Every structure is written in C-alpha cells, then in structure tokens.
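Both complexes below contain chain A, partnered by chain B and then by chain C.
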Partner chain A sequence: MNDILVTAATRVGNPAVDEWKAEGKGIIGHVCSHVPEEIITAAGLFPYRLRGIETQSTSIGDTYFGPFICSCPKAILENAGRGKYSFLDGAIMVQACDSMRRLDECWRKAGEDYPGIVPPFFHYMGVPHKVTDYAIDWFVEELEKFAAALEAQFGGKVTSEALAEAVSLHNETRRLLIRLEEMRAMDNPPLSGEEAMTLILAGTAMPKSVYNPLLAEELDAVSGRDGGHGGKIRILLAGSVVDDLAMFRTIEAEGAVVVADTVCFGSRDYDGLVEEENPSFKSLARRYLNEQFCPRMFGYYQKRLDVLKKKIADANVDGVILQNIRFCDLHGSENGLFERDLEAMGIPCLRVEREYGPLGDEGRVRMRVSAFLERIAQAA
Partner chain B sequence: MRAALSEYNYDWTLYAMFSTAANTLNGSRKEYERMLPRVSTFRGIIEPVMATGEPGKLFLQGMGEYLRRVVNAHQEGKKLCLTTFCQAPALFWAMDIVPILLEPMTVAGTLVHKGGTSEFMDYCVEKGFTETSCSSQRGALGAYLCGLAEPPDMVVIDTPGICDTNANSFSFFAAHENIPFYQLNYPPELTADRSREYHRKDYRNLIAFLEEQTGKKLDPQRLAGVIAEMEKQDRLICDIQDLQRVVPSPVPIIYNFFIYALRFTMGGRKEATDMLAAMLECAMDNAANGRSGFLSGEERARGLFVYIDHYSMNLPLWMFLEEKGITHLGGILDRFYQARAPYAGDAGYSLSMDSLDAMIDTLADANSRLPMVKQIRGPYDARDMWLEEALSLAKLYNADFAVYSGTPGCRNTWGMVKLLARDLEKAGIPTLVLNSDAFDDRVESWSNTKHRIEEFLEVRRIAG
Partner chain C sequence: MITAGCDVGSLTSKAVVLKGNRILGSAVIRSRTRPEAAARQVFDEALAAAGIEEADVACCLGTGYGMKKIPFVSGTKSEIACHAAGARFLAPSAMTVIDIGGQDCKATRMDKEGNVERFLANDKCAAGTGRFLEVMAKILDVTLDELGALSKKARAPVTLASTCTVWAQADVIQYLNSGETVQDVGAGVNNAMAARVATLANSVGMAPDVCMTGGVAKNQGVVRALEKLLSIRIVIPRKADPQLAGAIGAAILARKAAEGKGA
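Our next item is the complex of A and B:
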C-alpha cells in the first residue's frame, strides 16, 4: 500500500499536510461527520478530520474536561495542547454529542494556559437533531454563516461553481469508498478490514484532490486479488467512533475478517451522495441530516436498524461487534437495542465497552472477541 | 431485583404513600402519630414537610393528586405521555393527556424507598441501557421497562441539543417499547430571532403530534384556562424568588424543593397555584416580622446551587442546610425566566392569551427557558448560558458560595463544570464541585458528601 496513505491513516501529521502548508494554503480541522466538508473545500481550504491518535495520556484533556467524559475529545485536546495540531488554520466545533460539543470551550480555555494552541479561526456550528423542513432551513442558515465566516477569515469566495466542483470531488471520494465497500463484501475479500480502514482513514487527513487518485490506484491494484480471507468469520463493526487500526487488528488477529462497518470514520462518512445537479447549501443540508447513522439523531432507531440489516445482508455477515467508548451512552444503549433485535433474527452480536484510542484494554477486548468468534464457529 | 420490589407497581406505591400521608393531615394529631410507624421510610419526609404548615400540606396533597392521575389515567380514558422534567406539563394538561415526569418520579422513589431506586437503575442495564447514563432517568425508567407502572402511550422530550443523555433515555424507551416518539429540538442560541422561530414551528409540530395521538384537536378555551393558571403561578414564583433576595431570607429553604416538585408535575393546574400562594403568604409573613425562613431563625450563609440538588431518603441536604443556617438560594431547577423574574434580564418570556397563535407562541417561549433547556444549550460562556446566569444569580442573591451537585451521567455539565468553577472562583465566589450522584447514594454516601461540604465550608471560612 502507498506509504502516503499509510502515514495519513496512522499519524496526525503526514506529507499531504506538509505539502499543502508549503503551498501557503489553509487547513481546517473538524470533529464530526455532520460537517459538510464541501464548503471548506469550496473555500480553497483542506478539511481535516481531527483525531486523538498518538496520545500517551490525557493529562491536559483531564485538566479541562470532567472525569465522566468520553476519552475521544480529551485525546483530541491532548494533541492540541501538545502542539500536534499547530498546522491548523482553523477548527470547527460542532454540537455533535455532549462530550464532543464541550471540546469547544475546553479547547478555548486550555488556550489561556497553553498560548497558541487555539487556531486563529475557531467556529461553533449548530446541527439539528431532527429532519424536518424547518430543521433543514435552519441548518442551511448555519451553513451560510459558516461559509461567510470562512470567506471573512481566509478571503476566498464560496461561489456556486466552487461548490459544484467541491460536491463533485467529494462525491467521487464517496463513490470510490462505496466501491471499496463492495470489494470488502465479496466472498473472498481482496483486503482485510485493517487494510480497508487504512484506506478510509487516509482520506480524512488528506485533501480529496490528492487522495482520490491514490485511492483509485489502490483499488485497481487490489481488485481481483486473493486476499486469503475466504472462509473466515465475517464481522461487521458498529458503534462509537473508531479511528485507529488497533480494533481491526485485534479482531482480525483472532481469525476473523471485518467486511463491513457503520462507524463514523467508516461507512457513515461516505454513505449517500450530495445532489450534483445545481448543488446548493440546501442539497448539503439534506444529505448531512438525512444520510447520517449517528444516534445523536434521536428517534430514528428503526431507520438505523434497517441500514444495519441491509449492510449485514449485503456483506453476508456472520456476526456483529457492537462497541462503545465508555460514557458514550448514545451508542452504548443503542447497541443494547441492536443486540436485542439482531439476536432475535439469529445474528450473533457482541457488545463491548472500551476506551478510545489504541486499545489500553486490548487483552480484555481480545478475550471477548475470541470467545465471540468461538461461539459463531460452534454454531456454524 | 428483589421480589418485594415487584409486588406492587412503582407508580401505585408512590401514589399510596403520598396520598395516605396527605389524607392523615385531615385527621387528629393522634391519628397522624399512629400513621407514622406505618410509613417508616417516609417518616423523615413527612415530619419536615409538615413542619412548614399549610404549604407542606398542599405539597403532599398536590403530589398525591398528581400520582392519582398517573395511576388512573387509562381507567379514566386518558393517554399517558412519558416526558422530561424540563418539558412544561401545561400543554399536556390542556390536551387532557397525563404527563409522566420521569425525573420527579425518580426523585419521589428516591425519597420514599429505602435504597432509593437503585434496583430499577440496575434493571435498565439488564435491558441494554448503559450504566453510565443519567441516574435521574434510570431510576424510574427501570420500573417502566419492567412493566411495574402504567405503560406510557407516547414519549415527548425537549432535550435534543440540550442534554444527549437525557434525550437518549427517552428515545431508548420509545424504541424499546415501540411507542410513538416526538422530540422538540433546540438550537444553541436562546434569544436569536431564528431560534425563536424554530422553537415556535417545532412546538406547533408537537401539538400536531399530540392531536394525532389523542384524536382530539387542541381546545383554545381549555388552553387559555391552563395558561391563566400558569400566569398566576409565574407571578407567585417571581414574588417568592424576589423575597429570597432579602437578607436574611424569609423563605424557608425547603420551598425550592416544593417548587421543583409541583411546578414540574402540576404546572398549569390549581393544585400548584394553591401551594405557591400558601408559600408566598408564609414568606411574606416572615418578611413582615423580620424573621428568616429558618426554624432556628438565624441565617449564617447563603449558598447557590448552580445545577441541581441532592436527593436521598429523608431530604438530608435540606436538613443539613437547615441545621447549618445556610439559605438554599435555589438552582437551575427552580428558575423559569418569566420576564418579571428578578434574574430574567432581557431573556424572559411573557405569557399571552390574546389569540390561539399567541398562546402557542408564548408556551413555546416558556418551554425554551425551562431548566437546562435555557442554560446548557450552547457554549457555557455564551450569552444567556450557564456562566452568565451563575454570576448574575450569585450577585443578585448575595451568594457566599456556589455548589455544583449533579450526576456522573451528566456528560454535558461535566464537560464544562471545571471551567465554570474556575470562572466563579475568579469572580470571588468560592465554588465546590461535588462528585456525588444526586439520585444514587451508591456513588457516594450522603455522609461522605456532607463531609465534603463541611470541609469546604471550614476551609473557605463560610458559616463558621
């Protein structure tokens, strides 16, 4: 696999970031799959999805957040506090979930103690929790405010032409990732789940214009390859954010292959295209509110269950691993419902709670996964 | 779960306790004393409540009546709606729907059951709900999940965008039981025109949902009656909270608990109005005679609870404050942001009965200013939000200190409480952050919590 993609998938900084900065162009970090990246791209900037990878502790994060908070935003703040995000020219804070939305003030306040860690452009964006005509209209206004703020700060103009180009570029990424998903669903997938996730993650840390050709090349290269995964137990991974490869490695080290997912750095980020004919902020608002799988959208459980069932059928899944980061009640309790409903359909499920990041509790998770795979194997 | 706990329905048990207690008030002193041994786990509440005289009596009667309505709703042909404490019940009463206010139901169980609602909390986990979720919902929710209560017909919430953990409890229940669900959603800002428009459109959608569920149109006459009652309640609450500014405060400290209980359950009903009127009368009498609201008569310090209170059996927080002579200046649970409230500034609402549209609009405005819904929807230091409110209340009410009491399940406030405490301290307000769980003594026993408060008061030389 191309080294640039591997580095982008596994490191905070990567050559694509360096090259972009060397050209004097801006990078905007954000924390949620509800942020329409197309607007950032249309403004001539590079949307970068923030992660807490590479953290060794959360000592800075713990200073500002309270103790009963998901470790993901704490790890992101840790990276910011340690200067790892010094390449950012801006950051978008989003009303994603309770823990993540509080990154806004914790980061700003940490900036009082660690000068220079808050990017010069720091913007808070509201995202509705429901899909109605007035919620979409409200979100459109929020996107207009966001675009205007970018224009004021960076001088570019989010024109209709630039937006149409950005939509086309990001849809191309989505189409390529959907192609990757179809490859993973094959009887003998040409890639492991870890390899597939490497390709997916890289796209969140590179400009799409650089990423798309590299991804297309990789897909062509592996197409038709015997990945050696035929006959393995086929797993779908669901639940809280997974943005490092350790979870995939742990599952696959036990003899399974992850053939599908619904996590927000995975398929949740690329499912559903934006309308390409005369795209507008309204088209973006529709896509970003309608095509999201996150339980922050309250009252849409049945819709999410239907998506999950379809992915299970499409990828001929043998078992579902439903994981949540501790204190992520949204995924944690929805996992309880999924477990009830999927098990009733005869689909084995494993519910597991974990910490964010490279698995601090890898041994425990490995043991749970191992027992789960044994259960599936015995039933076969 | 112990078999004993599932012998009677949870809601019925609460109803029996409160209504029996209220009924004994009509008897002789001897009858009352003979009743006490029969309600051993409730005794610690009845006595301090009774000591407040008429307001306490009306509180018990009001709670008894509310619980009677919950228990008998289906028998009386009414729909039951599971909802949250920060959702004004007035609209439900106006539409002949009985609201089940989940958090006050948890508090009621915590006060009267030995061991609180811990076994119901654990039962939620058995049904797939996370143990890290907010205990204020998990307590009573467990009883509803295991079928030990009249089953709700629908779920309505207003916490998406405010508190995910809260909203999640209700959406989990609706999905688990497969019953209709409606959410009012709130943008991060409170007073912007577009936020107001959003509130109002969303509120009209809620009415359409309730009409669909009940098969009945909203009756403007009936709505006007409920709003008129709300208006009276608002005036009484504002007057009581105005009196709290007096030093020493003539308002008995347990009143904020009474307001919490009946405003959330019986808002817009006469029972709550009567209780509030009796409370105001007592407080005004104290004020006229230069008395503090304490039984001891002496106010030694004034404490602002910047979030919620602490509920354990026998109301130990209030007993402790009473003993120490510390005035409870209220928390976010008893601030409603009526335009004439002393703390409302330009963020307050005024109720209108000019037309059906005006009534709906002002109800939507009132709803969007309820506890939590008002303070924690946006960044904590943004306009109208938590920091601005805490600083303004501390100044207005001459607070000597501030306390954060909450639950570990509160992701939202735990994400910013350290920052809030730091800012309050910078403003010269000694601030204590408690790690205890307001609804679950297993997280930290009351005696430990009490010790932490005492230590704080001693170190900061308050009420010494």
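Our next item is the complex of A and C:
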C-alpha cells in the first residue's frame, strides 16, 4: 500500500498536509460527518477530519471536559493542547453530539491556558437533529454563514462553479469508497478490514484531489487479488467513532474478517451522493441530513436498522459487533435496540463498551470478541 | 484419555488434569507478573497432584486473560466457552452460568447441548468483580472466606450508595467510623456485589438452573443475596471448587479437540 496513504491513516501529520501548507494554502479541521466538506473545498481550503490518535493520556482533555464524557473529543483536545494541530488555519465545531459540542467551549477555554492552540478561524455551526423543511432551511442558513465566514477570513469565494467542482470531487471519493465496500463484500475479499479502513481513514486527512487518484490506484491494484479471507467469520462493525486500526486488528487477530461497517469515519461518511446538477447549499443540506447513519438524528431508528440489515445481507455477514465509546449515550442506547432486533432475526450480536481507540483496552475487548466468534462458529 | 486445562486469570491461575469425568489433580495459585511463569507453575502443581507426567497429557487448552502467553498448550478457548463447559460438567442441569472472576463478571446462557447462546460481561469497572470483594475484605480486616460468612451474622446490613469500588470503599470506611458493626458492613458489601451481578444476570435473560462459578461462588453472603434479588435458586458446584470451572471447561474442550469433535 502507498506509504502516503498509510501515514495519513495512522498519523496526525502526513506528507499531504506538509505539501498543502508549503503551497501556502489553508487547512480547516472539523469533527463530524455532518459537516459538508464541499464548502471548505470550494473555498480553496483542505477539510481535515480531526482525530485523537497518537494520544498517550487525556490529562489536558480531562481538565476541561470532566470525567463523564466520551474520550474522543478529549483526545482531540489533548492533541490540540500539545500543539499537534498547529498546522490548522481554522476549525469548525458542530453539536455532533453533546460531547463533541463541548469541544467548542473546552478548546476555547483551554486556549486561555495554552496560548496559540485555538486556530485563528474558529467557527461554530448548528446542525439540525431532524429532517423537516424548516430544519433544512435553517441548515442552509448555517451553511451560508459558514461559507461567508470562510470567505471573510481566507479571501476565497465559494462560487457556484467552485461548489459544483467540489461536489463532483467529493462524490468521486464516495464512488471510489463504495467500490471499496463492494470489494469487501465479496466471498473472498481482496483486502482485510484493517487494510480497507486504512484506505478509508487516509481520505479524512488528505485533500480529496490528492487522495482520489491514489485510492483509485490502490483499488485497481488489489482488484482480483486473493486476500486469503475466504471462509473466515464475516463481521460487520457498527457504532461509535472508529478512527484508528486497533479495533479492526483485534477482531481480525482472532481469525475473523471485517467485511462491512456503519461506523463514524467508515461507511457513514460516503453513503449517499450530493446531487450533481446545479448543486446548491440546499442540495448539500439534503444529503448531509438525509443520508446519515448517526443516532444524533432523532426519529430515524427504523431507517438505520434497514441500512444495517441491507449491509448485513449484501456482505453476507455472520455477526455484528456493536461497539460504543464509554459515555456515548447515543450509540450506547441504540446498540441495545439493534441487538434486540438483530438477535430476534437470528443475527448474532456482541455489544462492547470501550475507551476511545488509542486509549483502548485491548485485553478486555479481545476476550469478548474471541468468545463471540466461538459462539458464531459453534452455531455454524 | 488424560487432558488438561490451564486458566490464567487476572488474580489467580488454575490448572486441572482430567481423566474421563474424573479430576486427577488440580491447583490454584496467585497469578504472577508473567502469565507464562504462572501457567508453568500451576500446571506443574496440578500434574504433581495428579501424579502424572506432562507427556501423559493428550491435550491441554489454555483460557483466561493470560491464555495467549501460555507456551505449552495446544490451543486456546475463551473464558466464556470454558466456564460454560465447566459449569455443565459440575452442574449438569445448568442452563445459565454466572461467573465472577478477579477482574470481570460474566453471565452466559447455554442451549441444551451446552453451546453458548448469549453472554454479557461487565464494563470496564471493578464493581461486581472479585477485586471489589478483595478490596472490601482488606478494609474490614477479614479474609475473603470470612467476608462471606459475615452476612449470616448481620442484623441490619448497611447500603452502599456508590457503584464505584473506590467510592464504595469510602462508604465502608465512613460506616465503620460511625460505629456500624463489621457484620452489618460486610453484609452490605455482599449485598452490593450481588446487586451489580443481578443486573447482568437479568440482562442476559436467565434460564434455570442457574449455576455460579468462579471464586466468588464460595461467598455464601453474595450467593444468598443474589438468590433473593433474582428470586431463583442458585446451584453451587459441589463436585469441585467452583473457582476451577474455567480450567475444567478447558480440559473438557481439550478432550473434545483431541477426539476430533471440535471444541
């Protein structure tokens, strides 16, 4: 696999970031799959999805967030506090969930104690929790405000042409990732879940214009390859943010292969295209509110269950691992419903509560995964 | 055929040597920093107790948190599968197993063949584990065996408000400082432990008979409190030490593997 993709998937900094900065162009960090990256791209900037990878502790994060909060935003703040996000020219905060919303105020507050950690452009944007006509109108207003703020800060203009170009570029990323998903669903997938996730994660930390050709090249290279995963237990990974490879590694080390997912950073980010004919903020609003799998959206459980069932059928899944980061109320409660409904349909499920990726508790998770795979194998 | 199971847990390591349905020898030791050393020691002790040589063992399987580090086993199985198999051996009518180990607590429901149907394990927290009782016994200045017996002598067990082991410890100290008896506080500890475990047992959807394994099954105070909370009779293995259930299960699964029936 291309080194740039591996580095982008596993490190906060990567050569694509360095090159972009060397060209004097701006990078905007964001924290949620509900942020329309197309607007950032159309403004001539590079949308970079923030992660808490590489953190060894959350001493800074804990200071501002308190103990009973998901460790993901804490780890992001930790990286910011330690200067790892000094390459950002801006960041956009949204109320993805309550924990992530607090990153806005905690980051600002931490900036008083750690001077220079808050990027020069720091914008808060509202994202509705429901899809109604007035919610879409409101979201369009929020997107307009965001675009205007970017224009005022960075000087670029989000023209209709630039937006159309950005939509086409980001849709191209989605099409490539959908092709990757189809490959993973094969009887003998050419890549492991870990390799697939490496490819997916890289795209969140690279400009799409650089990422797309590299991804296409990788997909061509692995297409038709015998991945050696035929006959393994096939797992779908669902739930909270998974933005590092440890979870995939743990599951696959026990002899399974992760053939599909619905996690944040995974398939959630590429399901559903934006209309390409005369794209507008309204078409962005529709895609980003309608085509989402996150339980932050209220009242769409049945739709999410249907998506899950379809992915299970498409990838011929043997079992579903429903994981959530500790204190994630949204995924924690929805995973219970998924477990109830999928088990009733005869689909084995394992619910796991865990710490955020790099702070993960591998031994505990491994024991549960191993017992779960034994259960599936026994029933086969 | 002689088979063996080696269960390297977080607090204790256990080994069992099995011939047919007869336990030839077993051993329980405190786990050591290096799981491979603990496994070697406990296995040697079990072999000595059985009066046989390692070469006489047709197959040995490992389980427990240290299982991947045991050099002499021919395979591994999760604690869930091993405790289910062990419980079925010790109490043939068991359909549900509650296993409380040193650092976790698991409830497993089985089908008629003894296969795992569903299991739940506690979250990353010491509440509801053997470690919780160990911490409390130390503060109460009693042994783990004595802690279980305190419930019988209690008049008015105290209530521990917090689920957190550290805060519950603060509660216990507060009660002792206010003059509550060790018996009442000890019974409160056993009740609190049972309450944590009851949640898990209810969530897994119990089917009778319910069997309890792991070291905490020897604590009568917890067992009685749990029976009361779940309104169910709990079967405690008499055939062998319930703490050995995981190692026994591993030895049974080792026999199945050696006989080529899969494990």
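By definition in this document, the second predicted complex is superposed on the first by the 378 of 380 C-alpha atoms of A that agree within 3 Å, B and C clash if a C-alpha of one lies under 4 Å from a C-alpha of the other, contacts with A are read in each partner's own complex, and residues count from 1 in each chain.
Here is the rule we use: a contact is a pair of C-beta atoms (placed from the backbone, for glycine too) under 8 Å apart; a residue touches a chain by one contact, two chains touch by 3 or more.
Computed from a predicted model, the values in this text were never measured in an experiment.
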{"item": "Touching partner for A:Y64 - first (chain B), second (chain C), both, neither", "value": "first"}
{"item": "Which of chain B and chain C A:A379 touches, first, second, both or neither", "value": "second"}
{"item": "Partner chain in contact with A:D104 - chain B first, chain C second, else both or neither", "value": "first"}
{"item": "Contacts of A:M197 with chain B and chain C, given as first, second, both or neither", "value": "neither"}
{"item": "Touched partner set for A:A371, first chain B, second chain C, both or neither", "value": "second"}
{"item": "Contacts of A:G363 with chain B and chain C, given as first, second, both or neither", "value": "second"}
{"item": "First (chain B), second (chain C), both or neither touched by A:R326", "value": "both"}
{"item": "First, second, both or neither for A:E355, with chain B first and chain C second", "value": "second"}
{"item": "Dominant toucher of chain A (residue count), chain B or chain C", "value": "B"}
{"item": "Contacts on chain A seen with chain B and repeated with chain C across the two complexes", "value": "326"}
{"item": "Touching residues on chain A, where the partner in the complex is chain B", "value": "63-70, 73, 95, 97-99, 101-102, 104-106, 109, 124, 126, 128-130, 132, 134-135, 138, 141, 295-296, 298-299, 301-302, 324, 326-327, 329-330, 332-337, 339-340"}
{"item": "For the chain A and chain C complex, residues of the former touching the latter", "value": "326, 343, 351, 353-355, 361, 363-364, 367-368, 370-371, 374-375, 378-379"}
{"item": "Residues on chain B engaged by chain A in the complex (per definition of touch)", "value": "127-130, 132-133, 157, 160-161, 163-165, 167-172, 174-176, 181-183, 185, 187-189, 194, 197-198, 201-202, 205, 378-381, 408-419, 422, 435"}
{"item": "Contact set on chain C toward chain A in their complex", "value": "65, 76-81, 104, 115-121, 123-124"}
